[in-house]
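The structures considered in this document are given below.
Next come two complexes, and both contain chain A; in the first it sits with chain B, in the second with chain C.
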Partner chain A sequence: MKANKRHFQSKSWLFLSFGIAGLVLTPILVVLGSWLLPVQMPHWQHLMEHLLLSLVWQTGALLVGVCLLTFLIGVTLAWLCSQYRFPGSAWLKRGLILPFAIPAYVSAFVFVGLLDYSGPLRTGARIFFGSDAWIPEIRSLPGGIFILSLALFPYVYVLSFDAFSTQGRSSLEAARSLGSSSFSVFYRLAISFARPWIAGALCLVSLEVLNDFGTVSIVGVNSFTTAIYKVWFGFFSPTTAAQLSSFLVILAFLIFYVEQRSRQGHRYTSSTNLLQRQGIPLRGMQALGASFYALTVFVLAFLLPLAQLLVWVFMDPWAIFSLELAQILFHSLVLGILAASLATLAALIVCLAARYVPRKSLRRSQQIAQLGYGIPGSVMAIGIFLVMVRIDHGLVGILEKLFDYTGPLLLTGTILSMVVALGIRFLAVASSSIDAGLTRISTRLDEVGQLYGTYGWQQFRLIHWPLLKGSIASGFFLVFVDVIKEMPLTLMTRPFGWDSLSVRIYGLTSEGEWQRAALPALCLVLIGMIPLFLFQQKRS
Partner chain B sequence: MSRTVLEVKDLQFRIGLHTVLNSVSLTLREGSISCLLGPSGCGKTTLLRCIAGFEEVDDGSIILNQKLVSSRDRSIPPEKRKIGVLFQDYALFPHMTVADNIGFGIRHLPKSERQEKIRHLLQSVDLLSYEMRFPHELSGGQQQRVALARALAPEPELLLLDEPFSNLDQSLREKLKHELKVLLETFAVTALIVTHNQDEAFDMADEIGVMAAGRIVQWGSAYDLYHRPKSRVVAEFLGTGAFLPATIDPKGCLESELGELVCAEDMKNLRGNQVTVLLRPDDIVHDDESPSRALVKRVAFRGMYRIYTLALPSGAEIQCFTSSHHEIHSVGTLIGIRLDLKHAVILHREETLVEEMES
Partner chain C sequence: MTYKLLPLLITFLLGSVAYSATDKTITVYSERKDHLIKPIFDVYTKKTGVKINFLTDSTAALIQRIQGEGQKSPADILLTVDAGNLWNATQIGLFQPVNSESLQRNIPEFQRDPGQQWFGLSQRARTIVYNPAKIKAEDIKNYENLAEPAFKKRLCLRSSKKVYNQSLVAMLIAEKGEAQVEKIVKGWVLNLAAPVFQDDTALIEAVAAGQCDLGIANTYYFGRLLEKNPKLSAKLFWPNKESGGVHVNISGAGILKYAPHKDEAIKLLEWLSSIEAQELFAELNHEYPVNPASKASSLVQSWGKFEPMALSMVKAGELQEKAMKLMDRVGYN
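Presenting the complex of A and B:
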């Protein structure tokens, strides 16, 4: 559509939007371009001999395993909860998104702690059965798959629940009326039309697996993220770490691309309340079986970790009032607020630019700005680090010439670079919330504004801001929570000795201090629960 | 003769290779209510958006109050055109009260003057007690009146209305059509309405332009368009009707399978031509006594009357009204019909007018 372009301050929108897209692209291009830097053969030889094969195999196995298991758990639970009624189904269908609040690395150390040699399970097994050999080892590849699946299945659950209860509702009912059994309806119809949703969810799960650092290091699985960390901080070779990251970037982008494509298949047709629908009542053993299954997943994924955290915290309740906790909590909050502000502001700019100046290039730039979400935190960390070091050396060089400056680097390893890295990574989260809000505002309203000469800043202040502030706030809040839960990127870009909740959890768990890690973990879980309540309100 | 408010000349508008508006011209006089009528996709809304200044035109010109506002290399922005628009979905600001919505276009006025004006408009649209309500608290009809008041507040030279009734249900439409017309006349505003509904066009407008495929195919009064269509497109779009093939014989009479239709002196020089005659349902009267027989293919009950779709022996279909009290003839039977042509619209096979004549 040819609109009245000349009256917008199109130039400034263009520069701002392209600038942000460029900022997001830079670390990615740096990682991909790292092969132009000298290849340090000894490091690569070491990697080839000792690490590469196992990390490719373990990352692959982890990906496939977690996808399969989250698919199984997520889709079956979504089907049961969306189509049937059984004891507890009314609150289980809401409660099953609660595991989102527990970061995988938290439930990882809880399970490791529970299944420790001195933990309650093994001790009990030795007392009652004389042996604990039958209890499986959680610090293993299957253990990692199990823990990650419990933490990530809600992605599949939520998206397929929506698919089952909106998209195909009437065709499911039609199939029933034509005499299909419920199993064949599920298998032949539901799965196939929910495919775009399920595929999208599995892509998100895969991205989370590739991004995961905490869980794999706790259960001792070699993945790309841990290898990047080892190469960077073990060999002190950021270049090799970046080169190693480039494989991960390509893999992650493939998945990200599929995910973005799958979204085009999402067409919500119904706006009625998804959670209030009455399902078909199950009876007898079927009802019991369904309840037992859903409850087991809920207990393992949410209740058990939460209960164990509480037990650990109450073993030393005074720690709650310690200065130490206050300090890391403060760090996390500051980091969350700064990074969320940056991400929200940048997201707002790219979204508004695409709205105000109807050009294809600005839509493109909006899409590029979201790429950060597809990059695993460790990769983003190394990319930002390489960029910052380069800028820093240039800056220090200039300062040396002008003012005889002889101090350390100015940007690298400061809060600034950490905030930028986190802001870029989570820009997509803010952007999807703001974009959804903007699409709900009819472009007719913009045109009414134009009729009376409101453009640019005035248009935003009078029309868009009042209608958009809710979406902006929820975008800000989602980023805030994501930033606080984020581990690898924070860990790898933080200033020396600067601890946040997630960094402290990493430090404590790497020394096996499960009980002391419980308090910061509980804080994380509580903070993580807030957006779920917001989300739940939105769904109903 | 009243002043010309809007003049559109040879307007061209393309999106890529697709020509949306093709050489469109029209003139609106002050105080008139006109209507663009056409099926969806004919370009009528695009024309409205070009006039409002939301779209830049490729060629031709739009002149508002003797001032060129749109041409190939000139586009005055919407806010400088003094145009009001009543959008299809009303586009009320959901975060503003009724009063704020109405006051949006007159923000530059001093406060007291603005409030005075808002009150006056609220009174005119009979919403005085709704000043502090929000749009979502109003009914569809009330929202429309708020949108109208907002569009009229800056006293525009021209008011554009885009499908003003499409968001309302049928029963409400009848009532609001009348209300809107009265309001438009009260404010004596020059208005251009876009609609795909012929009843709306007939009820509201003094003059109607029928649009098809990016052109205005005919401009005139409702009566003219219905009874004197200049092309088959217009005849087909307005009302129901059938097209009966006929030939002109040497005496200047129209011969069809229903017999001789009409004769005229000046048709003699067209003798031998194959033509089509437009038959409206009221041109055909059901008469059990009549020797002409037609096969009933469908019957539709419409309350006051029934519409029979009839097949002539050649297979050509025509339509006929009967009173709904009249005994019903079932599908597959033959009924008697008689022609009662008040006037004949005769079209060439290639759809241009040959002649229009009273009989």
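Presenting the complex of A and C:
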């Protein structure tokens, strides 16, 4: 009887997990399936001859550059903030997560506004020093790496901070007591302990870089995404665009694969609580240096963009917080909450399924469920839209036959389809947080539980939920922030009159109206900060 | 308790269906942004009681949406910018021909589709902007002229990814042939003073700040900046008829093939081409009306008169792909 019940439970985990993976996979298959459509040779020939080389080089340089820089900034800050005390460390530790709230495209238009020739900095330099040649060109590849790194380093920071404060603490202490220098402890022990976390973070960073469109187009870098847009918007060839994006899908596959490999053979568990112990106090120049470094990053990545947005809001006569803006803000909030709930629930299901039913296929299904994150939002948008509209036509066809239904389509252009699309896209973010949490719960606990007859739902309720709550909440908050920042998918799937903040920002910035976009951007940053504060509470 | 909330949730999630199905409502898919169309739609609703739903996005995305929705599409009108976009939508078979006397009377022939599938609603001139402190108007002639070595490190351009530049180059190809235009565009690229800009506003600001002496931009961006800063150190230059005239593009609209409210939608287009609506439509964005009987705003009129290139807008669409490839070949980013 009991065995039967367990069999039934493992079957339902299987169906649920496969169902979710299937949902994610469908738009991806649509993208890959584009190769079954006729290949438009003139477009491809042109791409190969004139664009491919430069876009592979620029995308590669961007990817490597941003990974290196986010790794450097993220890991060093996490190490400083988790191990040491220095002036300001108490609040910088928390504050350094705030750049998450600023979408990369917003910091891109802020930095270009500040650092371009006609901007205040270079104008000032010309007036006071007679030359601005020492200020580097922001609209360039290095400029793009700089902006994206400042926007994305919090991924590395947050995850390696967690790793440093929980992993192998006793080993670190032992190494220190045996006289290892701080640097060698950091370099030889901490980094290798934290490897899975850092790899996970860099994986997210890479995917964000690959599917970024806003930043690269503002700084004028030719990446895969800009080429996809060019082919789609300029040559009016969605087929070629989808074919081109299949390369991005493959790249995303590869990145996930490498990340999984780097995790293999490592099972890390630790029962030590976060932030329980005070850090080692730094003194003198060291303390000053640490403060200065952390503060500089914080100012560049967060305070400066925020300040510039505020200045624009105050300078702009259009910037009035109207009823309409309140409505748009409300839309963003609702969308964020619904999509984040869906993504978190789905992520929880695939992660738990892989844990409760130890089958290789379920592990695969969990990995597949993360793939939605790897494709540019715009391509995902076409994929999802085409599938959805097909289902919708089918549904309406049946209704017409059975009930003489004559109305419009039922799913396309509804909030439901928009929420599902966004949920699928950001499942990976929730999943990586929940998975990291699950990894930290020793499987011994499960085994002990099983010895006492706790399975399935009971196992979750009694053992995993209490230990996993924090990770689930973190996943939810991170998805929420990502959803409200998202642009192309929201644009493509939204119903009438359902403009969100990011849609409004797109509308204004695409017309070059940066200043008018400042108020909605400011609102976006502010509501993005709320879940980040809650996230901090959860962490500490 | 939770189940009681379920119907409420379903209504909320699928709510927009009922919302878009009511009669006396026209649905417009538009690339023209919210703040440039809403005020004028509000005037129409006030006047006629007909409600207008609209959805803004880029044209390519809207086309995908319309194609996907097929016969069930709620959209009546596709309103877009750039003749190239309109031409492409026609090629895909998105529009239906409209026989309307008033549309034909109000809109000059070269600014609508020969098959009456789309109609220009406003004109936008893409001309040369220069900094009078750095260059004299006498030294400028036309677009071709900007490729000369005399302008080395003095020119600013917007990205070739923007359709406005694609249409400009397409129209130049129609006029002068591909080989000659390739030389011109190559010359432009060699003359660049800064990496290409992503929008015309930034470009005009760079001209005014002196980063470059001159550039090519749509005049309404100039108008918006002028509105904010009347002392802007930039001026417009109009290439005259002998040297080819000014490149003019349009924003326009067509009735979609499966429009559920065709008659109402035609009425809206006809109203949009009327003198009253034309002046409002153009004024909202400092553009030029297409209806010859309407006047541009006084600010726009103060920039002086110009002579447009005398070519049908259809060419911009036909030659767009050729233009894009040409720009890629010469390394115009």
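Note that in this section the second predicted complex is superposed on the first by the 332 of 540 C-alpha atoms of A that agree within 3 Å, B and C clash if a C-alpha of one lies under 4 Å from a C-alpha of the other, contacts with A are read in each partner's own complex, and residues count from 1 in each chain.
Operating definition for what follows: a contact is a pair of C-beta atoms (placed from the backbone, for glycine too) under 8 Å apart; a residue touches a chain by one contact, two chains touch by 3 or more.
Worth saying up front: this structure is predicted, and the values here are computed from it rather than measured.
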Which partner does A:Ser510 contact after superposing on A: first (chain B), second (chain C), both, neither?
second
After superposition on the shared chain, which partner residues are touched by A:Lys230: those of chain B (first), chain C (second), both, or neither?
second
Per the contact definition in the header, classify A:Met492: touching chain B only (first), chain C only (second), both, or neither.
second
Between chain B and chain C, whom does A:Ser442 touch in the aligned arrangement: first, second, both, or neither?
first
Touch check for A:Gly413: first (chain B), second (chain C), both, or neither?
second
Is A:Gly22 touching the first partner chain B, the second partner chain C, both, or neither of them?
neither
Any idea whether chain B or chain C touches more of chain A?
C
Starting from the residues of chain A touching chain B, keep only those that also touch chain C in the other complex, and list them.
none
Which of the residues in chain C end up touching chain A in this complex?
12-17, 19-21, 27, 33-35, 53-61, 63-65, 68-70, 72, 74, 88, 92, 159, 161, 163, 166, 194-202, 205-206, 208-209, 211, 221, 224, 320-321, 324-325, 328-329, 333
List of chain B residues in touch with chain A within their complex
15, 52-56, 75, 77-80, 83-85, 87-89, 91, 93-96, 104-105, 107, 150, 154
Quick one: which bits of chain A touch chain C in the complex? Just the residue numbers, please.
46, 50-51, 112, 116-118, 123, 137, 139-140, 217-218, 220, 222, 226, 229-230, 232-236, 238, 378, 381-382, 385-386, 389, 392-393, 396, 407-416, 419, 488, 491-492, 494-499, 504, 507-508, 510-514
Quick check on the complex: what are the chain A residues that touch chain B?
1-4, 6-7, 442, 444-445, 447-448, 450-454, 462-463, 466-467
